[in-house]
Amino acid sequence: MDSSLSLILTFLPLLGALLVLFAPLRGSDEGSPVLWRLAQAIGLVTFLASLPLWTGYGPGTEGVKFLFSVPWFHIQTLQVHFALGVDGLSVLLVLLTTLISVIVLFSAPSHIKKRAREFLFWLLVMECGMIGVFLALDFFTFYLFWEVMLIPLYFLIGIWGGKRRLYATLKFFIYTVAGSVLMLLAIIFLVRTPLALPGNEVPVLTSSILDHLKYLHLPVTTQYYLFLAFAIAFLIKVPTVPFHTWLPDAHVEAPTSGSVILAGVLLKMGTYGLIRFCLPLFPKATLFFAPWLMVIGVIGLLYGAFLAWAQSDLKKLVAYSSISHLGPIVLGTFALNAYGLEGSVIQMISHGVATPALFLLVGMIYERRHTREIAAFGGIAKTMPIFAFFLVLTTFASVGLPGLSGFIGEFLIFVGAFKAWPLLGAIATAGVIFGAVYMLSMVRRVLFGPVKHEENKLLKDLGLREVLVLAPLVILFLWIGLFPGQFTSRTSKTLAQIQAKVLEAR
Amino acid sequence: MHFSFTSTDFYVLLPLLFPVFGAILVLCLDLLLKPGKGARTLVHGLSLLSLLGGILAGVQQYLYLQPSHPLPPKIALGPLLEPVFHFQPWTVLGSILLLFLTLISLLLSGAWWKEGDEEFRAYGEFHVLTLFFPVGAGLLLGAKNLMLAFIGLEILSISLYVLVAFRRSRTKSVEAGLKYFLLGAFGAAFFVYGSALIYAGQGNLDLPAMGTILQEGLPQPFGYAALGGAILFIALFFKASIAPFHMWTPDVYEGAPTPITALMSTGTKAAAFFLLISAARLFPHELVPVFTFLAILSILVGNAGALVQTNLKRLLAYSGIAHAGYLLVAYQAMAVGQGQTDAGIALRALLFYLAVYGITNLAALGVLSWIERKDPEIVTLEGLKGLGRRNPIAAAILAIAALSLAGIPPTAGFWAKYQIFAASIQAGQIPLAIFAILGSVIGLYYYLKILVALYFKEGTSSETLSGNGLATGLTLSFCASAILLVGILPDLFLNVLVNVRL
Amino acid sequence: MNDLLFLIPILPLCGAILCGILHAKGGTTKSLSGYIASAAVLGSFAVSLGGFFALGHGEALHQVVYQWIATGDLKVSFGLFFDNLSGFMALVVTGVGFLIHVYSIGYMAHDEGKAKFFAYLNLFIFSMSLLVLGESLPLLFVGWEGVGAMSYLLIGFWYDREGGWPAVAGQKAFITNRVGDMGFLIGMLLLFHHFGTLDIAALKTSSIALPAGLATLISILLFVGATGKSAQIPLFVWLPDAMAGPTPVSALIHAATMVTAGVYMLCRMSFLFVQSPTAMMVVATVGALTAFFAASIAMAQRDIKKVLAYSTVSQLGYMFLACGMGAWSAAIFHVGTHAFFKALLFLGAGSVIHGMHEEQDILKMGGLRKYMKITYVTFLIGGLCLAGFPLTSGFFSKDEILWETVKGGGQIHFILWGIGALTALMTAFYTFRLVGLTFFGKERFDPAEVHPHESPKLMTFPLMVLAALALFGGIMGLPDLIVKDGNWIHHFLSSSVTPLEEGMGHGLGHNYELMFLLLSSLIAIVGITAGFLLYARGPSFGQKIAKMAHPIYVLLAGKWFIDQIYQAFVLTPLFLLSKLAALFDLLVIDGLVNMIGGLAFSLGRIVRKLQDGHLQTYALWMAGSTTALIAWLVFQLWS
Amino acid sequence: MILSSLPSLPQATTLIGGVPTDHIMILSAVLFGLGVLGFLIRRDLIVVFMSIELMLNAGNLAFLAAARERFLDPEGQVYTIFVITIAAVEAAVGLALLIAFFRLKSTLDVETATELEG
């Protein structure tokens, strides 16, 4: 049972997706409630199946657990395995994926009105893709799931999105694929270079990531090119500043559930990839490019905050805020010390919990007022106190108020960045101010002040279902904020190995 | 010595002889039987059977050629055939592929016929000509001698000239046929003139011998052979619709009847590349930059041209040009990597790519021909809107074909692209590989345009639109499932190619 | 006693949760929340009192609840540290906090959001106690920002009044605090970078020989954090606007507790500050300048709460002056006394406003002593302390600070003492201007609408307690002249703060101390009589002087136009920059991406144009490229 | 003349008619060029078709010249026969297409054949 868990986790959503697609229910276009129940049940079961990961991969464990590997196919001498497994880096992210998927499944009925059956199909396929990416331990498996994850979101934004959805979804898809195509070339190059494995004397071709992580030794110049190929693909996905223009469009045009999944999990693919592939595989190149990427991280932090401050559309503001919150993760990763790395992982989880909550809240207000212009709101706290409570709490979390999840990630990253490059660390802390500026001015314009518009007077406050959807996220704010040890202890060993691998090349 | 047609020659040519006998039989039957439903099914059935027979003979030959085969070592070709015809694993595979593509396009053409058409009477001739196509292509494929190559090329082209202009009543089809004929003949004239110069230069007409002369770089001083070789290559580029010589492709593909477009886009391209492969030793190193330029130009022209198309057949024509560019990348990797360790990888990449591209293009154009009769507007992107709801199966097949052409992982197209880029990286042509793969990203746009039209847009009418004919439906779903199956388990196809050497 | 420490922060936290639940439930039980909240704070006051007595025999109490952050060698645990300094501060926070809670029950009696209000107040006390008791800097930072967040919520409590101005004030407070917090954060990072630990006790032992430059840099950074929190010169703008919140909030946050956090932090890190004389000098000068600057503004304010707000900023300036001089115990002593009389003044002002139905402009008041007997008397006592009337607690603490400043004897000391003394004069003046205008002279309000009445029992009781504390608070730190080592607080705190080692030039002897004592009481009396005489009968006389020194009056009334300067030179340029960045992002980066897309499309259109259908153009292209290829081939072979 | 720099072929001892092979090769090149030009310039489809025939025959000429060079090597001559037969087949098919085109467009002008474009 031990090794098959990762297999079950990956393919349960896929089976569910097929089940939903071909379920004999004559659901109306809106999708019969039974269909929704079915999908939600599948989501819940997947989440429950992922819980043993948390207990199985307890604090301080090391190396890969729940390894599942079966020969998939062979091209001449290259034997490719379908390998899945969990290690310190991916355990938290898989749990985040299953949690966010459950939340989306429960929050979607309120705003997905047409073609519900296809929506659920694509959602579950996407969950399978995302879990697959985090669990993949073989290059081909990784790339297969990487693309399987992109197509559903293309459909999610394309069919259920806003007015300019076609432009937005096409831009998102082509931008990401352009990056991942370079990565494909790098993967082909890696897979074609024979690896001297200890078992046999003559170097052999293998596509397993674990072997590459241990035994890959490349000359420096090739490391530079391969590092760039991988890094560009992931920096587009993060997104960092020069490659970020697809994110605001994708977020603004995506339906709420699309934005939640995009912000909650998909953006983590980039940072996960940086830590999983770029650092350990190409240590010398990492050391060479680290300062540059730290600067890019800080630029992302400040530039994202500045842009968010200038937005008048609520969703765009949150989109730019996630660019600003992901900048420090790149900064922390390339600080190349325990604090930076663990801070980045924690910031990934905390961003993966805070921004979806923000998007859910924006979605809830959009469903009531059908507009996202901040100017259209004002004094909402009077008519919707529960909404106000959640919005203020989520704002505090994402602004990094100590005691909530945002602070832990940011503080560790600042410590790490400061150790690596004091001046840059100091500049990065300026982000603390701008982060507060745009978030609080948004909260003030939306919640406080007198009720100027008539419609705001008769808004219905959050229902039980909506509160239940937000509850798990809020609990995680506090859990990570107050007890980060439980999270960092699970990732510290793996990250230490990665850091050691990079530093030994110094 | 006297020239006699030994039994081994007969055995070697068997895969091609089946369609020839089939064609002759169909021709006579067509004359004798009075036109009617029975005659037509007989004709259709017979031609399908002959193709199937050819394929089975080819498969038997391929198994025989496997080194692991228990029978005595490779048999010697008869004196008549030996100087003129290759008998190697990859040529047999090539002919199997061609026969298979013709078989599928014949099956697809089933849905294309409509009672009232004026051409309906010429049902028999259509099948005869279609059967001759693989014969010509097979000869071209195995030709060691330029004469045989020319004959094969002409059989192939002439049968296509007529097929393209088959719908005499519609100006588009006739104009396409005329254009294809004139430019085809123009190309053939180049072929002749090229072979004349080669003959003048080296004294004989067989390709491998020529290779040895040209291999150590072009003879100094500059001889007729090199000039002839260059002109010969141009004729083949024309047939494979590579960039500067691609002009005829969009018009002819749009004008021709859809099943014929399917046959032509996959068959001629494969045949042209097969001859290029056998002429590979002819490949002087000085020409490498030219090939790189042509590859880049094809990818650019093909992908960019397709971006602005509204007619689906024209769009697939341009995508064909782009795919010719990718094939050229692999071909160049093969030629450059001649001496390297795993020289066979490029050849395997080429064969695999041609097979996958063939099936995928057939599926895509097959869907069009399947529904074209019911709703002629389907050929344009506007007409395609909302097909996702009107005919989910056809839409799914077209979507799978589009994703495979784009090279998205769960489809066979991805493994084809993987092979191409593995070959070009193996041959050390990294910049070309990077350009080609970025070019494929441009291509992504118009494949997604198909998906957008299928699923995202709502069509004008929304009543369900069923395909015309069950057989076609079955073949299409066979092709689509093949694409997905190979996509998930590439083993099935790759192991077949394992011991393919040039 | 050690393991009861955690009760101090936890009790208000539970109180807050309970009030929150009451607020969510709504209904009549909401009025219960006031009592729950006050009980919670009383509980933690009792525990701190217990801790205070347990401190008797020397060593500090310490309790570690659980391991909070454990990454690399950054080990931060949720640990509470209760030594003399934190004990005293805890007592002040919870004591004054409790009185203010009781007062708020009355003040917020008919406000329907009162449960939420008490929840916020309790959360505030929770954060403040964390700040005061935190054993490590990150934990102190948790309290530090928690207090900032709570003040944001409390200031913006009446977010829908005056066109949403409280919300803007709250946001301004939070962001200005954050600017300070950035300095504090960088200081912390530097400390960790050099010492590998952030535990205050560990820092104390390991930071003996610190390179001078580093000590100065870290101290100044920490001081920046303190200026943000305790509203000193560059970052004081948020405090006057924070008056938009309910009066008990102003009393609690902006008089007694939050603003003193900066002073506490400085004293807690005194072992660091002491090592860099330049940093000490910076602290002292900023303190003195702020004191003078704020006092000058206070003299020309019309709103009763604004006067008190600027007076707070000014008094804080004094505390920092004391810290700058190394007189940590004097600073803490002034923190204590200031907490008592300033809270008293604020609550008094609150009951005046309560009585005058939300009227805050003192020019529209006058002669209220007839209507609000208790408020008048307690307010007068508070005023006397603030003004530094001899023998009141304010007098002793302020005088000690002035003495400690001049004691050094150096030339800079005299300048700072001069500023201090002048400010003391101004303080006395504006205090009694306020008392005169509010309680004496003719009634300047329309008796028909406004009929002032004494506040209910619940509000006046805390006033009386505070008045008593303010009056007799001075006994904590009697100077040696009057009572031999009567300066109890000095000895009490000596164990937890590092005194500046003596030998700062030739110190002034004891007899000078008596002379300066008399001098400061003289200043106080002169200030009081001047302020009272000028304004007792009404504002007319004051307005005549204002006309005479018109430019100065305009400058002071306009609060030196600091807000406008910040707006012009900091906020608008940044906002424009962000608008510019948004435009840049849209046009340049997005433009670039779309341009690449457009490039492919234009290439496509060219290809399509070439395809003009003419048979012969196709053939031309074929023939043309053939000749080109052959020409290239010939050229290639020829060369 | 640039052609003089072309290497000359091994001179056969006895040349029928004494015309050196190079001259014939040049003639065939010229004929081929004319054929291509005719194809590109002429407006009438029949003439266009005739110019293709001209190009094919230029090829034949080149073949025969080379064959003569090789002491009347049969392989070259057989090739010309094949080319001639195939030219005939092409003529048949080509004219059939021309007739079909004429029946629809009632003109043989190349310019009218531009319905397919873009």
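So that you can tell them apart, the chains are marked A, B, C and D in the order they are listed, and the count of residues begins at 1 in each.
What we mean here is this: a contact is a pair of C-beta atoms (placed from the backbone, for glycine too) under 8 Å apart; a residue touches a chain by one contact, two chains touch by 3 or more.
Small disclaimer: the values here were computed from a predicted structure and weren't measured.
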> Just by CA atoms, which chain is the most central one?
Replying inline: A
>> I'd like to verify one number: the distance from the centre of chain A to the centre of chain C, where each centre is the average of its C-alpha atoms, in whole angstrom.
In response: 38
> CA centre of chain B versus CA centre of chain D: separation in Å?
Replying inline: 28
> If you average the Cα atoms of chain A and of chain B to get two centres, how far apart are those centres in Å?
Replying inline: 44
> Quick one: chain B and chain C, Cα centre-to-centre, how many Å?
Replying inline: 80
> Considering chain A alone, which of its residues make contact with at least two other chains?
Replying inline: none
> Which chain B residues sit where two or more other chains touch them?
Replying inline: 178-179, 182, 186, 190, 222, 250-251, 309, 445
> What are the residue numbers in chain C that touch two or more other chains?
Replying inline: 608, 611, 613, 615, 619
> Which two-chain combinations touch?
Replying inline: A-B, A-C, B-C, B-D, C-D
>> With touch defined as at the start, can you tell me which chain C residues reach chain A in the complex?
In response: 66-72, 74, 138, 141-142, 144-146, 149, 152-153, 156, 159-160, 163-164, 166-168, 170-171, 174-175, 178-179, 181-182, 185-186, 189-190, 192-193, 575, 577-579, 581-582, 585, 589-590, 593
> Across the complex, what residues on chain D touch chain B?
Replying inline: 6-7, 9, 21, 25, 28, 32, 35, 39, 45, 48-49, 52, 55-56, 58-60, 62-63, 65-67, 69-70, 73, 75-76, 78-79, 82-83, 86, 89-90, 93-94, 96-98, 100-101, 103-105, 113, 115-118
> Can you list the chain B residues touching chain D in their complex?
Replying inline: 146-147, 150-151, 154, 158, 161-162, 165, 168, 171-172, 174-179, 181-182, 185-186, 188-190, 192-193, 195-197, 199-200, 203-205, 221-224, 250-252, 254-255, 309, 314
> In their complex, what parts of chain C are in touch with chain D?
Replying inline: 608, 611-616, 619-620, 623
> Can you name the residues of chain B that touch chain A in the complex?
Replying inline: 342, 345, 403, 408-410, 414, 418-419, 421-422, 425-426, 430, 433-434, 437-438, 440-441, 444-445, 448, 452, 455-456, 489-491, 494-495, 498
